[in-house]
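Take a look at these structures.
Across the two complexes that follow, chain A remains constant while its partner is chain B and subsequently chain C.
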Partner chain A sequence: MNNIKYILGSFGDPDEMMHGIQKLQDNNIKIHDVYTPMPIHGIEAKLGVKRSRLDIAAFFFGITGTMTMLSFVYFAAAYDWPINIGGKPHFALPDFIPITFELTILFCAFGLVGSYYASTHLFPGRAPRVMDLRATDDRFIIAIDAKENAEHSKIDNLLKEAGALEVKYNERKYVSYE
Partner chain B sequence: MSGHKESILREPLITGKNITYAKITDDILMPVENKPNRAWWIGFIVALCGATLWVVSVGYTFWFGIGAWGLNKTVGWAWDITGFVWWVGIGHAGTLISAVLLLFRQNWRNSINRSAEAMTIFAVICAATYVVSHMGRPWLAYWVLPLPNQFGSLWVNFNSPLVWDMFAISTYFSVSLLFWYTGLLPDIATIRDRATGLRRKVYSIMSFGWAGNVKTWQRFEAVSIILAGISTPLVLSVHTIVSMDFATSVIPGWHTTIFPPYFVAGAIFSGFAMVLTLLLVARKVLGLENYITMFHIESMNKIIILTGSIVGVAYLTEFFIAWYSGSEYEQYAFINRSTGPYWWAYWMMMTCNVISPQLLWFKKIRTSIAATWILSIVVNIGMWFERFVIIVTSLHRDYLPSSWAMFYPSWVDVGVFVGSIGVFFTLFLLFLRVLPSIAIAEVKLLLKTASEQSKLEQIKEGHLEKEHVEEYIESLEKFDSVKQEDYAKI
Partner chain C sequence: MGTHNYNLTEQFEFTGKAKNLSIIAIVIGLLAIGYGFSAEALHERTFANLLLMAYYFACVCMSGAFFLAVQFVAQAGWSAAILRVPQAMAKALPIAVVILIAVMAAGLYTHNLYHHWNAPGLTDPKSENFDKLIQGKSAFLNVPFFMARQVIFLGVYSFFALLLAKLSNNEDLEGGLNSYRKSFKYSCVFLVIYGFTTPIFAFDTVMSLEAHWFSTMFGWYNFAAMWVSSLATIAIILILLRKSGYMAWVNNSHLHNLGQFIFGFSIFWTYVWFAQFLLIYYANMPEETVYFYKRFDNYEFWFYLNLVLNFLAPLLLLMDRDNKRQENILLTVSIIVLCGHWVDYYQMIMPGTVEEHHGFGIIEVGTAIGFVGLFTFTVLNGLSKKPLIAKNHPFLQESLNHHL
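And now, the complex of A and B:
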């Protein structure tokens, strides 16, 4: 057995890559991941990526913002230091709608983006897990785990039939960054 | 699916022949990966001089206090708030393009959203500096925050629109920044993977480790659409709240319920004008004619006519309501605006915002780069005068004729304003050098569906109706980046 860790099918066209995914799946070859320079619509269903729950998270972050601001402004304006302004109510709700709205948006946006970064492991300084340097430029890469799928020549043929411009055998999982 | 081809009844969003994914990357990263040309240096040095003037003027204001400005006891708010509202308004186009047009699936936003969002962020920075510098004691700027304090925990006045404004502007700035930066991650990764040495290290940190796998992309799109959904009401709320700084007061000329929609329309109007001012130059200097096409320019011009007309209707409504209200003070405020000592400012506003944008109804003008560029600057001059008229003419003649006064700006007022334009351009020019000015990944999405070459292929396949093809070729006439002779033989 050689040291090949990953087989990469490098496509120049997203439709050919989708075709390649179909071919591999028809032959029961498990795909490790796909790296593309742009979002490919419909690919998540094919690869079984679960529906994102970020929208639910965003809703709850937003509601947290609403409750935070409303309770804080109640505390500040009606409980901690109520100011009598011409006998008007201390907790003047219409006045507090703009700031409550802003805080809802603020919490929602930061919570949402924070959850996104956390769930996809994005943070400043993280070493990029790149398998092929052209995957952010003009190539659409299908990565297949070479240890799990032993029939390398079959994979090679399938990828080339689908239109892969190049099939690479990587001995290291990630190419350039340590 | 990326293989889906868009109908030729729509104009192409990417022009040019032999455009490939690699060429898109090369074209857009050209200014980032190469040394800047002479045009950039000239612009940068001029902008930097402006920024220096800003530092001097704001430093002078901080040292000697607000007395350095031309304010007097009658006109207590003038160029500072004019500049603030002007900059916040300019900022609105970026969010409108990136959020509202995303919700409406307007694909032409893909090639202009990145620089428009950058413009938003820089414009809001300029606006925020005005807020801080007009405070008088800027080192106590944190007093606007509801922080526990030593004064018996006296909180800020949550009933005040100025406090709402602080919440609105800071939320707007931070959410815009988040939206912009998250969108930039894939493009920063593109620069990183093509760079070497120190550049690679820096861009690697900035890219947050982006690799472009399926899950990240899928979640990326979910995040974009949710952020667009929450930014849309946010952008409307920001200028609404800015307008409430005036509308909730009892000053005749300010005390009007039309302000929120009218300010929002004005903000979008001036924002698009600024986007055009910047991008018409950038597309030429950076050679991006194939990505920011005449269709983009024309679409933005159409938004300018729409919002300009809304603003025009708002001016007339305001005038009508002043008369209809029967309030003597309200009526005087408006008569004084148009015929009083500041009549020239009022008519400047009317000409630049209402009359001259109507020229864009003519197709010749709206598809002419020179005319569009001049009109975009005219609009921004007009929008500055709008804020000046609202603020200064409403204040300068109050209830006591003995306290009537005029406002004369000092050199510091002028310095802060001209300087803020310098700061804005300095930041924008630096942005063009270090980050991609067009969202690379989003433009790549359009290549197979909405580009000129894919439409040409469709025509060559020959299953299309003849009149549709003729109509399409006719629609290409306005594009300065399309050669008509390519279509002569078809």
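And now, the complex of A and C:
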């Protein structure tokens, strides 16, 4: 019984890799993921990657910042310690718009950095999850789940026909776990 | 992303409905202006409207030249296929400049405009009209120097606008990188001049209507207004051309970029508007608050409408990615933004000229329609002279394949 978990097609050229994706899709072979050292136009549409929900998260982080600042300013300037400044109302909204804006941005930025780290499993002390180290350098990797797709020799042929320089059979998902 | 089979010699034909409608609009405008000059009491209001629309027209056209220059200096690729539209706007600039200068000269001569610093006796200590503040400013605000500044600034903008259009024409004929390199060089020069002179141009043309008041933010506030209205105009022209079957190469990603620009610079406009307001509100000094006092007093509706149209509408309608990519939504927002900046200019200009005797009627609507017609006529006429794409632009392929 083989213990192969993932089949990796390693390409040296993005066009050949796109060609490989097309071939696999034509043969109804499900692609687990694709790793490239640089962004490639149109690859999300081809793989059917869902649109990021980061903007929705950003909105909620931002609105949290807005509410936090407005309520704190109301508490401080109008409730806890009201001071007459230039005869204006205690809660003079125009005065507090810049700081509210700043806190919206701050919450949004920190929230998004946190979300990014959480979703990519990148934080201090954690070894990065990489399926093939050369995907961070000069290779374009197509990863196929070997358990779901049984016809390994067919996948091997398809990848090589498309121009894969190398086909790897990994017995563990990530190579850089140590 | 394959190869494209676009007709790169496609030319716009300026005939039929577009031509007739723009001529009808010009006639409506002339009738409205004629009506405004028929009664003595309406002269000042007509002049204020003429100044508003002539300023708007000139600002949109010179920001078209600014758009071209920004694209060249940034070496932007995405916009290469749509450059003919801002070029046509830039080519209309000399006409706008002649109209604006004529309106200002006539307004100065008849004392219907700029009477805050140009009425008889303002700088004469013996006169009962003597105004010490105006006397102090008279080294800068006097008719010869004022007109000289206007002629020089607008002349320089027109020179660069025509130069950039001409270089693009040469590029069509000769090919090669020569014209592109020259465009880059002249664009750099133009942007430096433009950046330093537009605030002064706005101080002169609009802020000096209320010569006692001053704000250093005013120049950037006007710059933001003219830039965002120009972007909205480019978007409208592109969408309408695409709807009538031209420029098939303009895809949703180009519209997305323009939508981002309109969204971003509407927020920038609000930022500058608010920065000016906040400082005056916070400091609460009478010589500064007088500006907003006038606007709260007689123009309350316009004051808030301005913020709704120029801030809330683009913010809410263009925030979503998909909305920026849909031509009907982008078209609607662009029209709202253009109307919004009319309101913006209206409440910049009217309180300094007709003060509480302002109105919204035949003169306002008619003049605006007339200038829209004139703009459409000159721009579309300019557009029809050249192919709709700069076929030898070095970044053309990048622009045709533009994808976000």
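Note that in this section the second predicted complex is superposed on the first by the 175 of 178 C-alpha atoms of A that agree within 3 Å, B and C clash if a C-alpha of one lies under 4 Å from a C-alpha of the other, contacts with A are read in each partner's own complex, and residues count from 1 in each chain.
As a working rule, contacts are C-beta pairs under 8 Å (C-beta built on N, C-alpha and C of every residue); 3 or more make two chains touch, one makes a residue touch a chain.
No experiment lies behind these values; they were computed from the predicted model shown.
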| item | value |
| --- | --- |
| Most chain A residues touched (candidates chain B, chain C) | B |
| Contacts of A:148 with chain B and chain C, given as first, second, both or neither | neither |
| Which superposed partner A:26 touches (first chain B, second chain C, both, neither) | neither |
| Contacts of A:42 with chain B and chain C, given as first, second, both or neither | both |
| First (chain B), second (chain C), both or neither touched by A:95 | both |
| Touching partner for A:55 - first (chain B), second (chain C), both, neither | both |
| Touching partner for A:86 - first (chain B), second (chain C), both, neither | second |
| Doubly contacted chain A residues - partners chain C and chain B | 41-42, 55, 95, 98 |
| Residues of chain C touching chain A in the complex | 1, 274, 277-278, 281-282, 284, 321, 403 |
| Footprint of chain A on chain B - complex, ascending | 1-3, 20-22, 25, 146, 152-155, 157-159, 161, 163-164, 167-168, 171, 174-175, 178-179, 182, 185-186, 189-190, 192-194, 204-223, 226-227, 230-231, 233-234, 237, 240-241, 244, 440-442, 444-445, 448 |
| Residues of chain A defined as touching chain B within the complex | 12, 14-15, 18, 33-44, 47, 49, 52, 54-55, 58, 62, 72-73, 76-77, 80-81, 83, 85, 92, 95-96, 98-99, 101-103, 105-106, 108-110, 112-113, 116-117, 119-131, 133-138, 177 |
| Chain C-facing residues of chain A, complex | 41-42, 55, 86-88, 94-95, 97-98 |
